[in-house]
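Look at the two complexes coming up: chain A is in both, with chain B in one and chain C in the other.
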Partner chain A sequence: MAAEKAEIDALKKECDGLRTQIEAARKAVNDGNMSSAAGSATDVGRVQLKLRKSLKGHLAKIYSMHWSSDSRSMVSASQDGKLLVWDTHTGNKLVAVPLKSAWVMSVAFAPSGNLVASGGLDNMCTVYNIKAASPKTLRELDAHTGYLSCCRFLSDNEILTASGDTTCCLWDLETGKQKIIFTNHIGDCMSLALSNDENTFVSGACDSLAKLWDLREGTCKQTFSGHTSDINAIQFFPNGNAFVTGSDDCSCKMYDLRSDQEVITYQDASLNAGVTSLTLSNSGRLIFAGYDDFNCHIWDSLKGEKVGVLSGHDNRVSCTGVPADGMGVCTGSWDSFLKLWN
Partner chain B sequence: MAEAPQQQQEEEEEEEQPSSVEETEADEESEEEAKESVHTTPPRPLLSMRSMSTVDPDDDSPNMIVYRKIEDIVTLIQDEEEGVPIRTVKSFMTKIPSVVTGTDIVQWLMKNLAIEDPAEAMHIGSLIAAQGYFFPISDHVLSLKDDGTFYRFQAPYFWPSNCWEPENTDYAIYLCKRTMQNKTRLELADYEAENLARLQRAFARKWEFIYMQAEAQVKIDRKKDKTERKILDSQERAFWDVHRPVPGCVNTTEMDIRKCRRMKNPHRVKKSVYGLVEEGTQSQSPILTPSHHCRKGTKEDVEKEILFLNTQIDRHRMKMSKVAESLISYTDQYMDYDQFVTAQEPANPWNSDDPSLWELEASKEPSQQRVKKWGFSLEEALKDPAGQELFLKFLESEFSSENLRFWLAVQDMKRRPQQDVAQRAEDIWAEFLAEGAPSSINLDSHSYERTSQNLKDPGRYSYEDAQDHIYKLMKSDSYTRFLRSNVYQDLLMAKKKPETEQGRRTSLEKFTRSVGKSLTGKRLTGLMQSS
Partner chain C sequence: MEELDVPQMRREVESLQYQLAINREKSSITVTELVKWIEGCVCDDPFLNPELMRANPWVEKGKCVIL
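Take a look at the complex of A and B:
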């Protein structure tokens, strides 16, 4: 017993030594400060957006929303047990998908627009065909041992999921089986984001770490630390070389893959609420972050300053999204409404 | 209700902007610790009198900070001198004790919190009501109206800052008690009757116990003064309106279910509203699975970690100054296309109700802006179907389209259903790589070897090396020629709006420069990440 403990302690010491070396290597390239460098960037000024649409239809908290690749339809999930597909331009509901389990936490639209997926406390990811006459369950992906926190389609044939069981998983939709299980996090995985080329993805978890994974090899490629609490939201910067995270520690951070470390932190002394969700404008210059304080705050991603706020929800903002054409931003809230702004 | 406060000066709440209500109220959370920030707590503005708030002033968890603020307001608003007129109203045959109208509350909020817009005062008031600090006496919906509706203030016993988490047993006792009291004003609403029926089913085995508790409560209540009972009954009801809201109302006490299981909040008080001693069974949501084992560091885990860390030590890390530079140049380049920063043309469909932008995007006749974007990177050109088409046409004119066709074929194969992948992989080999292939591509011997090895067990990623190599080739060779080609330049210039001679020349210069810049500048193409 004692010998084993001594062994583990020695190994842990080795780990710590390696970590110190890595930190030193990271520090060595940290030769500049993003926000001061951003002095040379064009100014964005104050961003004041107007509320364009308020989508009413859900009867309970909205937990998740996702834009279709056509930038016009959008799917939302609420704990009233329904998925609603909206035509955001007219405000009409196109499809209503009744869920077997009302405790839904995540929803996704396939790039083709044919399928949507959702999941939550039922530990499953269910895929629906919404182009059929009435929404049909295509697959029930059932292998996670924890709640489903996030799902994203690669195509109509593959889907990625993140779960409270600390793993992420790539599934084949033809067979309904797991293809790759990504294990490395030691806390519930809360969110994931696919890279543009779909070769890699990043995940954020309750262990306060963000990780980069290779889809082809099935392994963790990089780990990023810095947050002091659960990471709830994660999105790639449009250039594909950086990503932004939002956390319960009330801050957002940008990390760069090439420098292997944090680039800048977005926080403000007056912001005392956790970040629930985030999305970026299509140039990457603006970050729209939803907070527990019922607002969505807008950050200048380069200068690290708050440049605006979207107020209007009567409860926590639980999800945000900018469509591919970048024409606006949608916020979804526990107050059961979705709002479109630009 | 309100203590007799000492004299005090009026102070304003922190400034609210008239047009945007900056609310910092939060739902009851689970184990949120306040972030260790260096900010100083702003002085408590209303506190020259003694507040009824019992929140520890050093408690800086987000909810408590907000409750304290609200409680300071609620204390002042009930003050005999500085607050709203709380009085007994004579109604037909009865007296309604201790009420104030919605209008009075709205007016007071506007005056004392420096709010100009009554709608904003109603909004703040509704949010405070939703948390349970005051309530309409005749409605389950906790919101503030600017009219003669009567409101009453909640007793501090029931305040949210006491961190109540009432169990369903308490709720069952409450509903049961209501049915026993035989008063029209205490009749159950439909949703309450449904809740009661559900609880009876759920607690079938201990219903006798619950019934007895309810009876005991009724006995206690009967001993109280009639007026006092009216007030207490309404406060109790308002408490349950917060914790078991009317369907359709937002439940302000609910926590994010993902965080529920890991609650470590020291404030959580598991006490019963009716003083019940904790029994064995707690009413937990049946769907919540018991928390999975926490992954502790076993020897294996640590060894794996060491292996991983070793791969990370020598990785190449880009200088932060370079990273900053590339992020800035990327955003500067794309900000013209960012609708939040630069107005787009044609007008945003959400604003103008005109979907022509979407139609244009989908069309094969790209706008000049769109064509310009193809010059940013090969990725952009290929992302746009029209760009891809033009590039292919250009390559065909040069008799060198096999590279792009190969790349596209592999992309397509990766999205196919698993069962089709093997066949497609074979087809691609036959078309592009086999001896004497009709569209033979030029691969270096290393990639060729790797690829033919991969094809022994064909899968989605069999062609990764080859695709990578070909993409780099296209980027450095054909793509640059494409951008200089007539077919691209014509398209780029043909869509320009007619301008004066002078204007045209300057614009032409600008375009040529920007296209040139995008070719030579340090730019992120992002498609193939370098690790």
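Take a look at the complex of A and C:
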């Protein structure tokens, strides 16, 4: 017993030493900063968007939404036990998928548009074929020992999941089995984002850390700290060299992969609400962040200033998304509505 | 959230050694390049280039109505 404790203490000391070395290595390359680099960037001015549509159909809190790659369809998930696929040009509902478990926390559209996936407190990720005459369950991915917080398709054959059991997982949809399990977080994984080249992904967790993973090797390549509470949302910048996180500590942060550190924090003394969700405009210049204060605030990612706000929801904004064509932004809320703005 | 057992701690040490070994680039270069890249994309961003928002897919013909 004592020998084991001694070994753990020695290993803990080794970990602390390594973390100190990593911090030193980061400091050594930190010879620039965002405010000086962005000083010459053009001003974006106030970003004032109009509410174009309010999509009514869900009967309870909306927890998640995801755009189809066609920039026209969109899928939303609510704890009323349904997934709804919408045509955002007409506002019509195209498909309704009844869920076995109403406690859904995440939904995703496959790039092909043929499949959607969802999951939540049932600890499973269920994949549905929505192109069949009526939605058909294709797979029930059942191996996580905690809630499903986020899921993203790589293709019709592979899906990545994040779970409250602190792991992320890559699944093979042909066999329904786990291909790779990503373990390193020590808190519930809340969110994940795939890089464009699909070789890496980033995850945010309740241990207040964000991690970059090699999708094929299964290894954690880099760990980013700075937040002081759960990270609920994470998105890559379009060029794949940086990502943004949103946290219960009421701030968003940009992290640079190449220098391995935080570059800028987006926070405001008047904003005392946790960040639930975030999405970027196509250039990455604008960050749309959903907060517990019922609003979606718009940040200038380079200058670190608030440049606009989307107000209109009567409850927490739980999800946001910009479609691939970048023509607008969707917000989803606990007030059961989805709103489209541009 | 504490890691307690020996195998987990050993894996954490290995992971940290791996993470320490990566190549880190100077932020004066990386941040400048990031800013340049984003600025370069602004003209293709419908939120920032009004020309691109002309063909607005979500504009109602008449009054906005909550369905």
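In the analysis below, the second predicted complex is superposed on the first by the 341 of 342 C-alpha atoms of A that agree within 3 Å, B and C clash if a C-alpha of one lies under 4 Å from a C-alpha of the other, contacts with A are read in each partner's own complex, and residues count from 1 in each chain.
One rule holds in what follows: contacts are C-beta pairs under 8 Å (C-beta built on N, C-alpha and C of every residue); 3 or more make two chains touch, one makes a residue touch a chain.
Remember, it's a predicted structure, so these values are computed and weren't measured experimentally.
Going by the contact rule set out at the top, does A:235 touch chain B (first), chain C (second), both, or neither?
The answer is neither, since A:235 touches no partner chain.
So in the superposed three-chain picture, is A:222 touching just chain B, just chain C, both, or none of them (first/second/both/neither)?
A:222 contacts both chain B and chain C.
Does chain B (first) or chain C (second) touch A:156, or do both, or does neither?
First partner only.
Would you sort A:55 into first (chain B), second (chain C), both or neither based on which partner it touches?
second
Touch test for A:29: chain B only (first), chain C only (second), both, or neither?
After superposing on A, A:29 lies in contact with both chain B and chain C.
Tell me which partner touches more residues of chain A in the superposed arrangement, chain B or chain C.
Counting residues of chain A touched by each partner, the higher count goes to B.
After the superposition on A, what does A:91 contact: first (chain B), second (chain C), both or neither?
second
After superposition on the shared chain, which partner residues are touched by A:121: those of chain B (first), chain C (second), both, or neither?
first
Identify the residues of chain A that lie in both the chain B contact region and the chain C contact region.
The overlap between the chain B and chain C interfaces on chain A comprises residues 4, 7-8, 11-12, 14-15, 18-19, 21-22, 25-26, 28-34, 37-38, 41-42, 44, 47, 49, 52-53, 72, 88-89, 184, 186, 220-223, 237-239, 241-242, 256, 258-261, 263, 281-286, 301-302, 325-328, 340, 342.
For a test of understanding, state which residues of chain B touch chain A in their complex under the given definition.
20-27, 29, 32-39, 62, 65, 126-127, 130, 247-248, 250, 252, 254, 257-259, 262, 287-289, 292, 294-295, 297, 299, 302-303, 305-306, 308-310, 312-313, 315, 317-328, 330-335, 337-341, 344, 348-351, 353, 355, 357-358, 361, 379, 414-419, 461, 464, 524, 526-531
Can you tell me which positions in chain A touch chain B when the two form their complex?
Going through chain A, the ones touching chain B are 4, 7-8, 11-12, 14-15, 18-19, 21-22, 25-26, 28-34, 37-38, 40-42, 44, 47, 49, 52-53, 59, 61, 70-72, 88-89, 101, 103, 105, 120-123, 145-147, 149, 154-157, 164-166, 172-175, 184, 186, 188, 190, 195-200, 206, 216, 220-223, 228-230, 237-242, 248-251, 256-261, 263, 267, 269-270, 272-274, 281-286, 292-295, 301-302, 309, 311, 314-316, 325-329, 334-336, 340, 342.
For the complex, which residues does chain A have touching chain C?
Against chain C, chain A makes touches at 4, 7-8, 11-12, 14-15, 18-19, 21-22, 25-26, 28-34, 37-38, 41-42, 44, 47, 49, 51-57, 72, 88-89, 91, 183-184, 186-187, 207, 219-223, 237-239, 241-242, 256, 258-261, 263, 281-286, 301-302, 325-328, 340, 342.
Which residues, counting only chain C, touch chain A once they are in their complex?
Contacts found on chain C: 1-6, 9-13, 15-20, 22, 24-35, 37-39, 41-42, 44-48, 52-53, 56-60, 64, 66-67.
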